[in-house]
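Each of the next two complexes has chain A plus one other chain: chain B in the first, chain C in the second.
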Partner chain A sequence: MTQATTQAAPSTAVSAAAARTRWLQDNGVYVAVGVLLLFNAVFTANFLTVGNFTTQLVQAAPVLIVALGMALVIGTEGVDLSVGAVMALAAAIIPLYLGAGWLMAITMALVVGVLAGAFNGFLVAKVGIQPIVATLALLVGGRGLALVIANGQLVQLRDPTFLSLGTDDVFGIPISVLIAGVLALVIAAVTNRTTFGRQLVAIGGNRKAATLAGLPVTRVLIGVYAITGVLAAIAGVLATSRLAASDPADMGLLMELSAITAVVVGGTPLTGGKVRVLGTVFGVILMQLVRATLIKHNLPDSIAQMIQAAIIVAAVYVARERR
Partner chain B sequence: MTATLTKTTPTMAARTKVLQRQGAAVALVLVVAVSWLVFPRFGSLDNLRDLALQGSFLAVIAIGMTFVIITGGIDLSVGSVYALGGVLAAWGAQYGFLVALLLPLVVCGLIGLINGLLIARTNMAPFIVTLASLLFARGLLLVITDEGATTYKIASDSAFVELGRGTVFGFGYPIFIAAALALVGGMLLNRTNFGQNVFATGGAEQSAVLLGVPVAKTKVLVYTMSGTLAGLAGALTAAYLQSGVTVIGVGLELDAIAVVVIGGTLLTGGMGTVLGTVIGVGLIKVIQNVINQIGTLDSNYQSVVSGVFLLIVVVLQRILRR
Partner chain C sequence: MPTDMPSTPVIEVAGVTKTFAGVRALSDVDFTLQRGEIHALVGENGAGKSTLIKVLTGIHTTDAGRVTRNGNISTIYQEVNLVPLMSVSANMFLGREPRNRFGLIDRARRDADAAELLRGYGITADVSSPLGTLAVGEQQMVALARAVDANADVVIMDEPTSSLEPREVETLLGVVRKLHEQGIAIIYVSHRMDELYRICDTVTVLRDGVNVHSGPLKELPRIELVSLMLGRSVKEIESHGTTAFGEDHHADAEPVLQATGLTSRPRIDGVSVTIRPGEVVGLAGLLGSGRTETAKAIIGALPVDGGTVLVAGNPVARTVKASTRAGISMLAEDRKTEGIIPNLSVRENIVLAALPRLSRFGVTSRSKQDRIVDAFIKRLRIKVSSPEQKVAELSGGNQQKVLLARWLCTEPKILLLDEPTRGIDVGAKAEVQALIDELAREGLAVLLISSELDELLDGADRLVVLRDGSVAGELEGDQLTREHVLKAIAAEVTDDSGDHAGSPQHSR
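Up next is the complex of A and B:
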């Protein structure tokens, strides 16, 4: 009897610690967002205003759209470093076709996004190159190509319908935020309710097993990277319309970092096999809140960056070794 | 499976190996030969000196990256660390030569050490850890430069400037430093136990651990090396520019990774050479130089060409390994 209890005691302690870690992995991001909101509500002037929330959401919308795609790619045990370059490509394409109407311009930008993503997917799935390297090539070359297309120049845009994308709102909700919200719902539905979503997670969990089980691994992977490409292009279009200018030099710079950070902070493991869409949404909101809090309390950019670095390490540390 | 195995006869395997190892060298010879014939200015001594000098800064960083990549890792922080090293050197130059040289080496080495400890001891993915230190190093740089508003200048008569601008037969000191480091790096990789451990760590980590290879120690060492070398490259650049420019080094990690991969080092780890990396640096710099010579092409083509080259190399590597 005593022997049994002494044996059981350490194991319960271990499992309690494991359960706590798991709980933290699953819910840490929601707690962090809650704490930050509370902190700001008490200590930050003019925080609880509609205007402020709108601003924060508008700023977070492009990151969220990119991060949704990134979550899918990371779910397949991959990563897409080219998202920022794809945003730049989308931005560079828009002024070329804006003469043929806003719809044409947006369509072409999205087509380029799909093609770029499918190309990444082809390299990863068909040729068998590591995702980091395959997408690195487009990261290096993509922005250069965007700058070549745009002659390295910033182009002011004047099409009123296109610009209204970045300025108008529906019932007080800015269009870009609305689009980001709808896309989050769509991606959540795709991952949780479709065969494609199941297959994606299965491939990320164990690609060999998925192949042996007869899943269409190549097709799913190319599809996932194409989705990520088109989402990056959408983010590029929205950011461009908000800027009222096509700026391929700066568009989406370091976006891959923000997106990966948000996904990881949101509890999607880098080892694949799991996609957390709601966690990703909150990951984006958390990083946006952190930045806003630091800015509103007059901390300089330098400190903000260093704190972001610490958050990334802490989040990955907590999330490591989970499957 | 066995059929394909028997088909890859020794000669074919050997040919594959030669192509994989010497592909970059062959490409470099071709590109240099063509440039020499087509562009009269390319072969001028001035241009070659300039080319070598430009390449030397990147080479110093890429040598460290080679070690990291052979262990199966990656170091994304080198661009920021390079910029930080430059600023620290420029700030330190007011206290004399030794401070200007040692301060960046120590601080950047420490950042590398932290990278290595986090990666080796906690099993976090190298690219995420070094991504965080990319942000951290940039943040630190902004702190010491009043948010980037201050650019520290180095007095042009200081001994430290000589390190970046001094020449032997017109060839700048950084070229010799890079060459010496490449030599030492090559020896370290191929002739020492440490080098063996680096290959073993990247080749098959689990087996290496079981065989008693000090995997964790090796990882800590390579990241420390990478950080220190990036800091040194920054210090040399600062000496050459006579100031700690705050905006340099953005995206430099990608150039470094690209030249290492183009030089035949496998990103999956376990295989690679320092000589290949040096050739990769040469190839990229010659191509950039040629694009500049054409003149009508805008400089953005450089990154397009780098990207395409990277792609060709990794696809070839992949196909040849099948």
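Up next is the complex of A and C:
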């Protein structure tokens, strides 16, 4: 027995408003990116150039890679605060193995990412700790471990093949952007076309029902966190290569917040049960464009942060009325 | 027992009507609570008990009628409404803490007072430990002590014993009697017949929002009370097919499901159920008798203290995954929280449990899904604009059919149906009933849980009657009449087959 809050009379007006809200939830992020592009085309000098776009995309690539994993975790009604720390761990691992070749270094970094993610998944799915607390442990401990591994020092990297990851391009597209784009396609396919992806969404939508339906809830959850871990490690590798140095102290700092912001702005609800991959891509692009626009108009970074906050509030406000 | 009963009732309700979204939860209800009496309030799910309680306590306003209160009312809910992380004594005096001369909380006095008060209720636990560390029964006792100490004239207890151990029940009933001696009036909501008859003076029976009976409890035979709750006259025995079930199903084969001695204290104790292929076994009993828990224990969704489940003679591990693989599926009672995945489409909700089978190397196959989904939408006549419609937009009956389709997709051998027709319209109900019949004829073993006696009597080949978490009897053939079921539920059966029947309920 629930109490009715609205009567039948104004229902047409209500449903029209609801339809508008839903449209805004689904398409708001695309509209915002379009509006911002239009604004810059008119008011910002040298904005619509290949060089500028390349720069923006290269800057956004690591955030996008991390945000893809975050979208999956949030789709299961969870969150992963440890992604920045996992990036730092990956950065700390690379100089240790770079002597054995760039392939070895990258492989080890990714292995550490998978292990870190699986550890998060284990805490969440098996031990039953709330995701925010479970991953907070690694947020704090992971970076500490990274600093221990690196002896707290910044290490210059000289392996030319490894460094080319951050500087080279294929047909004019920087490698990191290419990797981010391919990963976005892969994650979209995993989410929409695989058993794993659909089970993930079902678990986020109604965990009790998913359990009663005999879905492998534990396995899927551990898998989701492991994927998020490996994506964070990939982002850490790319960012390290671009920096030409391993810097565990600063690598991926506050990355978890940027990723969550992009996912939420992209229309994936924090309540789970829905993953929007294209929305997440545009969420990342939107936040990147906002910062670029403000910087080009000589507004300080502090103002940019406040405007980002306003966008987040607006996105959550729009998402609020979803039913 | 106070002999000088004052003439003014402590609560008087006259002609109260309450409507929610066009549905009448209470219509023209009269209810009188005398000072110092223990008044049983009974009725099945949705009869209006909770609404009446909320009207009494003033949480709900009434659409019509008059409510007169001549005293403080305190309600003890099933789930204790206190702060689990605060200490017992802090909970006892929450909002009315004793102060010292600096105006600060006098912890020493608070702890001492709480300890002394609680001793009167048989609680000797450390009052400075967090409330959450106490057993549920003790927590309830703390809530009770708090209510009484806050000068309540009326205490409303909503299913206070539903999660208690037998020993705790005894303590609680003792406390209730003590309150009674102090002249406090009690409204006691419970489905446990034995408790009601042991402590209550008067009874009010609600059914479909109407007060169908108020009067002294002792003069009302148990069977009479049960039939009042379920809305069936005891004499009205002749069966006329009001439901869409067909005639009997054939069942001579070896049992496909043998569940033995399922125990999960305090909800169920030693429940055994066997079902043969093609047989529909009904699970009867009042609300809280352990019907849902039995089904959940069979499929492994309820941790059990004991018991085994054999499917076609082979033991099955007590997990949902193992049970599903062995061919058991369960349609949960609560469609919203345990059934549908609201964000997903009808198609995705149907294929959910069978997804691995409809995939290759982990990649889902749309064509396979579409074929099976189309088939089930046609067969079950699910009304959808398209298979891609969100399941949350469907009516209750169609959601139920989607869930049935989900389980049928997995090609189960055993289907556990918990209230499959609750909350769906008459047309859909008949369709679902006919479908259950059809499935059984095709050889499926079905366990049917229903609060509707007609549905059970017409639909089931055999009935297992539960009372207070144990099997109170098994009925078959000629015994499948309302009278027999009511007698078994009311524990007045002089049984000739059941082994548990008639045994005293808290013998342990």
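Methods note: the second predicted complex is superposed on the first by the 312 of 323 C-alpha atoms of A that agree within 3 Å, B and C clash if a C-alpha of one lies under 4 Å from a C-alpha of the other, contacts with A are read in each partner's own complex, and residues count from 1 in each chain.
In the analysis below, contacts are C-beta pairs under 8 Å (C-beta built on N, C-alpha and C of every residue); 3 or more make two chains touch, one makes a residue touch a chain.
Treat the numbers as computed from the prediction; the structure is a model and nothing was measured.
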Worksheet item: Counting residues of chain A in contact, which comes out ahead: chain B or chain C?
Response: B
Discussion item. If we overlay the two complexes on their shared chain A, which of chain B and chain C does A:214 touch? Say first, second, both or neither.
Written reply: second
Worksheet item: After superposition on the shared chain, which partner residues are touched by A:302: those of chain B (first), chain C (second), both, or neither?
Response: first
Practice prompt. Figure out whether A:206 sits in contact with chain B (first) or chain C (second), or with both, or with neither.
Written response: second
Discussion item. After the superposition on A, what does A:144 contact: first (chain B), second (chain C), both or neither?
Written reply: first
Item to complete: Please indicate which partner A:20 is in contact with in the superposed arrangement: first for chain B, second for chain C, both, or neither.
Response: neither
Discussion item. Let me test your reading of the model: by the given contact rule, A:195 touches which partner, first (chain B), second (chain C), both or neither?
Written reply: second
Item to complete: Would you pull the chain A residues touching chain B in the complex into a rising list?
Response: 79, 123, 127-130, 132-134, 136-145, 147-148, 151-152, 257, 260, 264, 270, 300-306, 308-310, 312-313, 316-317, 320-321
Item to complete: Going by the contact rule at the top, pick out the chain B residues touching chain A in the complex.
Response: 74, 118, 122-125, 127-129, 131-136, 138-143, 147, 254-255, 257-258, 261, 267-268, 298, 300-308, 310-311, 314-315, 318-319
Worksheet item: Can you list the chain A residues touching chain C in their complex?
Response: 1-4, 193-196, 198-199, 201-202, 205-206, 208-216, 273-274, 323
Worksheet item: Which of the residues in chain C come into contact with chain A in the complex?
Response: 20-23, 25, 46, 50-51, 299, 301, 320-321, 323-325, 330, 332, 337-344, 348, 352-353, 355-356, 359, 362-364, 392, 406, 410
